[in-house]
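After this come two complexes, each holding chain A, first together with chain B and then together with chain C.
This part shows the complex of A and B:
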């Protein structure tokens, strides 16, 4: 375990090593926030409530949604595909490390830098610039756990897409398709309340809502019963387990392609 | 106890026959047209602890494939392979603890981080004690003066500096066996010498077994007591380097730039060398495409200096170079039965 924590440390250092890039990430997010604010201002145009969400709740949802999106957007699949294609994966296979855990912890490291560059400035802006009204409730307490579970589900999917490079050598198509599916069906692009009721029901039984919608609900509607939150966490945990096992199985199949057919 | 035991080891790849052009590429999408490539085809050898073995052969001979099987990356198609009594691909994580690997074309260091950070990450992965870590780096610093590089980003290192760091990294956990796959590729003479003395010193002080693949016969001469030559997946020679050394050590190629680069000059050169040195002179002549005339001399039979003096005084020579025999020539001579 100590070994894997070294990857987190390493990835954080890589994340902040290029100062200018670091700065522009912060700046880019601030600009996005300002645009989102005026866009949703005009969507509401004087109305109090749309699809059961107040303007404050919708902005909170969109702004936090985008920070989570950036937090989860770690390009693990692209990095893996690169390593698999150019054979760098051989270097990792000669080390006493598990390739999935190595990637998970490296990804956690990269994501932690974006907490600093994106999540923190967003929250500060929401509170002090846009002066959003925050409801009080237990949801905030469950949010960190929910976010971690969302992160793991997302990682497992990225990892599985990355593994497909063993078969296809190019993951551009698969990765872009996955990204579109995730951003629409997870509620990252638009709150799920904005979808027709029938589609909402379908979306709730898919894993994607557990990646964005669930953690976002905990902060946009934090004043629900504790039991509701626990149920949400249970669903997330189940998806995390299912995707973890599925991606493990995929690895044990995919690695055979390398080991049998050559690197 | 034998450290590495290999018996009738084979690795066959199934490769799709690709066709030319757009039409061919589309056809390949649905093609079931495979051919089998025997990258490694029934090799056997044993390696004892503390040996430095040169594992050599021309491009595509199967060297890297064997290394990848020994390190547990590839699964053999047939045959027996044990490292320290265990099968590498079944015990990859455990085996990795006793192995160090350097792929000359790749780095195990973190590209964007200072060198020392990569060492620290590896220290955690291999669970190296702080005391041993410090001792090890101290020793490397004494040998090759690495300390100045610690704070540099890996991507800013020169190829030679990076290789020194990569070799350091592969020895950090004091492995029983280190695989060096082309460690001196693309390096200049002085850094090559540095790397060679580093490897020798590590082998001497720690009794680390070293398996070295290389294209550079200089590496082999400087480091190995035993060499294994393979080509097309089969072992051509396995034994003492002295025998081979006598073979390629004796041959030198004299490259001449003659003013008249014509067939007539070549014929004249051939004839006059035969007249001067007799028929069993061990000299072969060939013209290269870039207008050099190569005179390969077996120094056991004829002195290079004599040939050079004779040519210089009888022909108009504008430039001269002396080169050592290449890997390809050694393999060709082994094929021709030179070691029987």
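This part shows the complex of A and C:
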């Protein structure tokens, strides 16, 4: 375990080198929030409540959703594809390191730099510039755990997509398709309450809602009963386990086709 | 000195070779095309779901939004198909591989951009054309030869606006080395081009019209075909903004190319 923490540290150090990159990511997120603010203002058009959400709740959902999007977008699949294609993966296979755990800890390192440089400034902006009204409730206490579980589910999916590099030349198509499916069906682009009731029911039994909708609901509606939050966490934990096992099985299949040229 | 005709002939020959090379990876092409198709569908599905709840957005109906979105898809296709190489410039600048572009007797931007031809972008273009035809039928828009001509000019100008913004963002690699965050920023903002500019207030409407002119990628030009009676004078500015921005980008590109010193290896 101590060894894997070194990967976290390494990733943080790599992340810090690209300070300018963070600056543009923050700028991008600010522009995104401004656009989202105006867009949702005209969607509400003076209406008090839409689909059970107030304007403040919807804006909080969308703005926080975009920072979670940045947090979860760690390019694990792209990094893996690169390592698989150029054969660097063999370095990890010949050492007593688990390739999935190595990737998970590196990803955590990258994400922790972006929590500090992107998520934190965004939340500060939400409070002081957009003056969002936050309700008081137990939801905030469960949010960090929920975010971590969402992170793990997302990582497992990225990892599975990265494995496809064993079979194809470029993972652009698979990665993009996954990203679009996730962002539409998880509620990252639009709160799930806006979907028609029948579709909502289907979306709630899919793993995607556990990545965005669940953690976002804990913050937009924090004043629900504790039992509701515990149930949400249980569903997330179950999806984390299922996606983990599935990605392990995929790995044991994919690794069989690996041929690395000597050199 | 090569003439325009030479360049066109050259372009077709380069791309024919490139496509032949790419056809080795047929599965990859198929998956990428599906990915492209899904990514075009994402914003559209947001519209459809949203209009389930609200009757109109800033006075625009769902079908009108679909038309603007279709225009947007067509207008962003030339960038996707012809200028895709801009995404790789940071690697070439960083590794020093970029020096090779100095050694051919032809325009460097042409040489650099001709190295990639994004076939999957054709899916987007086709989907855009189908949606444009569909939505204009549903809206009962009257088309004439003149209007189609204006449409072509408008699409051409709008696509120049996006090409200019993206190439300029990518060109920052000559100064920043890693231009990805800049390009990603431009790419993210671009996604909002199909929304009505009328949702923005004073300062921000000005900014998205003249400073980061995403309004000219779809909304201002598409407006003319939807509601010709209330078209804003900005529509007529589209060609000038497109050509002007592209000229500016070309200037920045030339500056970048001239300041690049390679990596010494």
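One rule holds in what follows: the second predicted complex is superposed on the first by the 257 of 263 C-alpha atoms of A that agree within 3 Å, B and C clash if a C-alpha of one lies under 4 Å from a C-alpha of the other, contacts with A are read in each partner's own complex, and residues count from 1 in each chain.
Everything that follows uses one rule, which is that a contact is a pair of C-beta atoms (placed from the backbone, for glycine too) under 8 Å apart; a residue touches a chain by one contact, two chains touch by 3 or more.
From a predicted model like this one, the values you see are computed outputs, not experimental measurements.
When both complexes are overlaid on chain A, the residue A:174 reaches chain C alone and has no touch with chain B.
Look at A:214: by the touch rule set out above, it reaches neither chain B nor chain C.
In the superposed model, A:95 makes contact with chain B only, not with chain C. With both structures placed on the common chain, the touch criterion links A:7 to chain B but leaves chain C unconnected. A simple residue count on chain A separates chain B from chain C, and the partner touching more is C. Contact with neither chain B nor chain C is seen for A:236 once the two complexes are overlaid on the shared chain. After overlaying the two complexes on the shared chain, residue contacts for A:41 are found with chain C alone; chain B is out of touch. Applying the stated contact rule after C-alpha superposition, one finds that A:25 touches chain C and leaves chain B untouched. Legend: residue contacts after superposition of the two complexes on their common chain; A:113 is shown touching neither chain B nor chain C. The residues of chain A shared by its contacts with chain B and with chain C are 18. If you check the complex, the residues on chain C that touch chain A are 25, 27-28, 30-36, 38-39, 41-42, 45-46, 49-50, 52-54, 57-58, 120, 176, 178, 180-182, 184-185, 188-189, 192, 195-196, 199-201, 204, 212. Of all residues in chain B, only 11, 13-14, 39, 65, 68, 71-75, 89, 92-94, 96-97, 99, 101, 103, 106-108, 110, 112-113, 117-118, 120-121, 123-127, 153 touch chain A in the complex they form. Residue ranges of chain A in contact with chain C, taken from their complex: 18, 20-25, 27-28, 31-32, 34-35, 38-39, 41-43, 45, 50-51, 167-170, 172-177, 179-181, 183-184, 189-190, 194-196. Within the complex formed with chain B, the residues of chain A that make contact are 2-3, 5-7, 9-10, 13-14, 17-18, 87-88, 90-91, 93-98, 256, 258-263.
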